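Going in written order, the chains are labelled A, B and C, and every chain counts its residues from 1.
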Amino acid sequence: MRHGKITPYLFILPTIIGVFVFRLGPTAVAAYASFTRWNVRTPPEFLALGNYIELINNETFWLVFRNTLLFTAIFVPGVMIISLLMAMMVNQKLPGIAFFRGLYFLPYITAMVAVAMVWRWIFATRFGVLNYVLTNFFMVADPPAWLADKTWALPSLAIVAIWKQVGFQMLIFLAGLQGIPATLYEAAAIDGASKTKQFFNITLPLLSPITFFIFIITVIDAFKTFEVTFAMTGGGPNNASTTLAFYIYQNAFTFGRMGYASALAMFLMLIVGAATFISFRLKDRLVDYAL
Amino acid sequence: MKTIKLYTILFMVMFLVVSCGGAQVAEEPAVEDTSAEEVDSQESETADEEMEEPMDEEITMSYFMWDPSFEETEQIMVDKFMAENPNVTIDFQVIGTPDYWTKLEALSAADDLPCVFNMSAGFVDQWISDGLLYDIQPYVDADINPDDYFTGVFDVVRNKSTGNMHAFPFAFVETVMFYNKDAFDAAGVPYPAEGWTWDEFLTAAQALTVDEGDDGVVEQYGFWFYGRYAHIESWVYQNDGRLLNEDATRFAADDNAVEALSFLDSLIHEHGVAPEPKEMEGIRQQDVFPLGLAAMWVDGAWNINGNRETIGDDFDWGIAPIPRGPQAAGDTAYGWPDSMAIGANCPHPDLAWEFINFMTGPERTIDLTFGGKIPIYSPVANSEEFLEADQLPDNKGFLLEWANNTGPTTFTPGWGEWRGYTDGAGFEGQIDEVFNGEADLETALSNITEYANGVLERFYP
Amino acid sequence: MTTNYSTSSNTTFLNKVQSMINLRLLRSSMAYVFLIVFAFTTIFPFLWMISTTLKSRGAIFSLPPTLIPDLLFQEGMWDAYVEVWTQHNFLRYTLNSFFVAGAAAVGQLVTASMAGFAFARMKFRGSGFFFALLLSTTIIPVEVVIIPEFLLMARLNWLDTYLPLIVPSFLAASFGTFMLREFFATVPEALVEAAVLDGATTFQIYKDIFLPISIPAMTTLFLIAFINNWNELLRPVLYISTPELRTVTIGITTFQNEFGAQWNLLLAAAVISVLPLIIIYIFAQRYVVEGIATTGLK
């Protein structure tokens, strides 16, 4: 498309101003803070690389990092697959489908404190719904103490997080599905392509820019998930369910270690930034723009 | 290639921005100081005028409180103070507990702390060492008659090096043993008496543990606890144990403390009179006793309020001393105050003190005190009203006797972090692994010592 | 013979129709089974939440937990809602939240669609750089930038106003820009070329082609922005002090105290706060799903 030289800059100007003032400014301060000891209450004190050295030598940090990767490995595919499935289900022309579209979106808009309360009941060791079902219908003799179990706490959190989040990704997938011209499916049906074939030959390729976008934001979500941990386990038992974003929150606000928290945040930015960078490089190969 | 180039530029610019950001931060205090000075000079002007004409000057002073469920009651106190001081407006704000500290810290960073605010025992050392709390010792010396106050808990709000008070308690709590009288009657066990011992406690707990049908699912445990501070420290002190060294700068559990911890563990794994903590996951810790899942429970007396609500008429219950361990010569109670502090830069410290003195004195009657907390002003605490004779527990007066035994605490700077107060890690996480049968006490203790001292070393190198 | 033929052909035809209907019926009933199974998992916690608000205080934590509330059709069934509504000014809080979330969301539509359009369809120096910058700000965890942001707002003298809640969200819509960039990228180039031939300016192309064709995406962004701002917790708590300016999320936190929460009230408040979102969602999803149809570009 042809356009004037400064036109694009005018289009991005408001956003760039906003990003510089309200996002990059504070981010720069956080970057500086990562080289200091700062309890927020009193002025920071320069530490040079102290926080980064501590981070590398800190066992808890590596445990938390491992937890974060595990969480991401469950969360990202879980959210992507389920939300696409849901979007396709509610994209059908069926009576009452709008009702289901609404129901599927409920978890995303409900306050986390309320959601957490219910899920803690579901996962409760002795009187939980889940263990009731397991012992009575599946004859599991000794079901785990889900949220209090070192092995199960994190996967349990990931399930709740997926459940809470999918409505959001579903909505974006739905908007994407709406953009695929119906004529393509009609033509394919005339050619005798099966539904499965249509999915792989039409839906997936045409959805790929949106899928890519959803993938990126889901990865970012995974790394920034904090509310679920905060409301459900507080990172317990003994840090078994602490993920990076929650660890950052703890250090920033509960432990009064904003400097260390900022160093952790820089590390998180580096990891997610690298993942995003790689994704963008792969994008050209995997994503089809219908240009 | 193009993207690589762009990313290189991005990172270069990010670093540039970072370094500029550094400069910006370095400048910031200077800029802020000017604005702060402006405010200060304005306000010190008003302060000066106030001294000249104290009665006519209109003063607005902010007061932050952390308990929304108590907002209306507190408003009554605030209104009374404003009625007595017509020239004063109290800007009274209540912030839900989870966000209270975040907001205070942000305000502190902006050099805009409220004049008066609630201060908890767990954080007070930290705030004192940050120099953010006004030294109120001169006011206390001038205005406070020690005979009228429970001075035993004052140590918690003192600056550990100067001994001066930097906050003033408005109420305090003690940990006590809650016990289910109906369950005791059913098991034919005598109620806990003063001076009862671990052996007597264990005998009672065994009788109170009920497994109907011997199916391995215990319907009622004799006792229950986990790694929470109120659950653990109470037993340590009742065995004359200490978790910290003499000057409270390092974690160093002594033999008596270890004996208490291993006694607690034996309740679960040897005697089976208490559940592993993970068995109770999913039930709020303060509900286990009220729901009848355990016949005894040690926690803070503030739970009297919640117990009344949840237990209702389900069973009769009372409060009792925590049993004495073999090493205890007498009783050592574990208690701490909730306080009010003055922000170090408050322009009206005299008025702020006057307000605190009012809020913590005779005006705060029992109906204006949170159930289960003890008002710091002893004539009120010793009044007939405190006993709340029409409600359970019928021996609420025991709290006042027990309060006379108040001993040390484990509060230090960084306490929340090494104790695992909010995140269930640290001390709490490690000891819970022992109670859950996943680790042995010796390993856990060495881990705790290493972790806690790592935290404490940041404050006491 | 002719009759015979036509009968048989009719039968086959009817059979075919019959089997097609059967297949469709089977398909759609299968679809409903799936839909309902999924719906059950999403609605169950929500039902529980509503059930809890209809319980008496003592019954909330009774064991084993019950789904049927003890106050159902009893006196005092709606007590929690009445208490929430009368004790706190929830009507006011709701209107405040509407204002904040609405302003921020509308603002995002404007700024994000403009920037998204530039990033998707224009070639200019530094576009990759600016875009990477934008994206990197979505990665940084809010916990470490909130204090510097607070200091900035304090210096701008914006404390205890809605500006810190609206302006950054309005201007720095990184997520929205990214999202619309991806959607705009899928618009066929042929449409643009046709418009260029007609002599349309860049701004006209943006306004007359990209905006209308992206109604589903724009509506989705509006919903997301509205909901996220509505549910924002940390910033309102930090920035708002005056009770009259409180938003619903601050209202909900007032049911949490030192020793836990007043669950029936807290959940009643949560139900109240989610209702406007449901209404907005129902209203908006017509445009998500039928947006394309209304623009006539099928």
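One rule holds in what follows: contacts are C-beta pairs under 8 Å (C-beta built on N, C-alpha and C of every residue); 3 or more make two chains touch, one makes a residue touch a chain.
These numbers were taken from a predicted model, which means no experiment stands behind them.
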**Chain with minimal offset from the mean of all protein Cα atoms** = A
**Asked** Does B-C or A-B have more contacting C-beta pairs?
**Response** A-B
**Item:** subunit A and subunit C: spacing of chain centres that average the CA atoms, whole Å
**Value:** 16
**Asked** So how far apart, in whole Å, are subunit B and subunit C when each is placed at the average of its C-alpha atoms?
**Response** 40
**Message:** On a C-alpha centroid basis, what's the spacing between subunit A and subunit B, in Å?
**Reply:** 35
**Complete:** Residues of subunit A that touch at least two other chains are 24-25, 27, 29, 33, 40, 121, 127, 253
**Request:** Can you tell me which residues of subunit B touch two or more of the remaining chains?
**Result:** 3, 7, 14, 102, 105-106, 109, 283
**Asked** Where does subunit C touch two or more other chains at once, residue-wise?
**Response** 63, 133, 136, 146-147, 151, 256
**subunit C contact footprint on subunit B (complex, rising order)** = 2-3, 6-7, 9-10, 13-14, 28, 31-32, 35, 66-71, 93-99, 102-103, 105-106, 109-110, 112, 283-284, 286-287, 291, 293, 302-303, 305-306, 309-310, 312
**Request:** Write out the stretch or stretches of subunit C touching subunit B in their complex.
**Result:** 57-58, 61-63, 128-129, 132-133, 136, 146-147, 150-151, 154-155, 233-234, 237-238, 241, 250, 253-260, 262
**Complete:** subunit A residues touching subunit C in their complex are 1-5, 7-9, 11-12, 14-19, 21-27, 29-30, 33, 40, 86, 89-92, 94, 97-98, 100-111, 113-115, 117-119, 121-122, 127, 129, 132, 163, 167-168, 171-172, 174-176, 178-179, 181-183, 206, 209-210, 212-213, 216-217, 220, 223-224, 226, 245, 248-249, 252-253, 258, 261-262, 265, 268-269, 272-273, 276, 289-291
**Item:** subunit A contact footprint on subunit C (complex, rising order)
**Value:** 28, 31-32, 34-35, 38-39, 41-46, 48-49, 52, 63-65, 110-112, 114-115, 117-119, 121-122, 124, 127, 130, 133-141, 143-149, 151-152, 167-168, 170-175, 177-179, 182-183, 185-186, 188-189, 192, 196, 202, 205-206, 216-217, 219-220, 223-224, 227, 231, 249, 252, 256, 261, 263, 266-267, 270, 273-274, 277-278, 281-282, 285, 288-289, 291-292, 298
**Fill in**
The subunit B residues in contact with subunit A across the complex are 3, 7, 14, 17-18, 20-22, 24-25, 29, 101-102, 105-106, 108-109, 126-127, 130-132, 277-283, 414, 416-417, 422-425, 429-430, 432-433, 436, 438
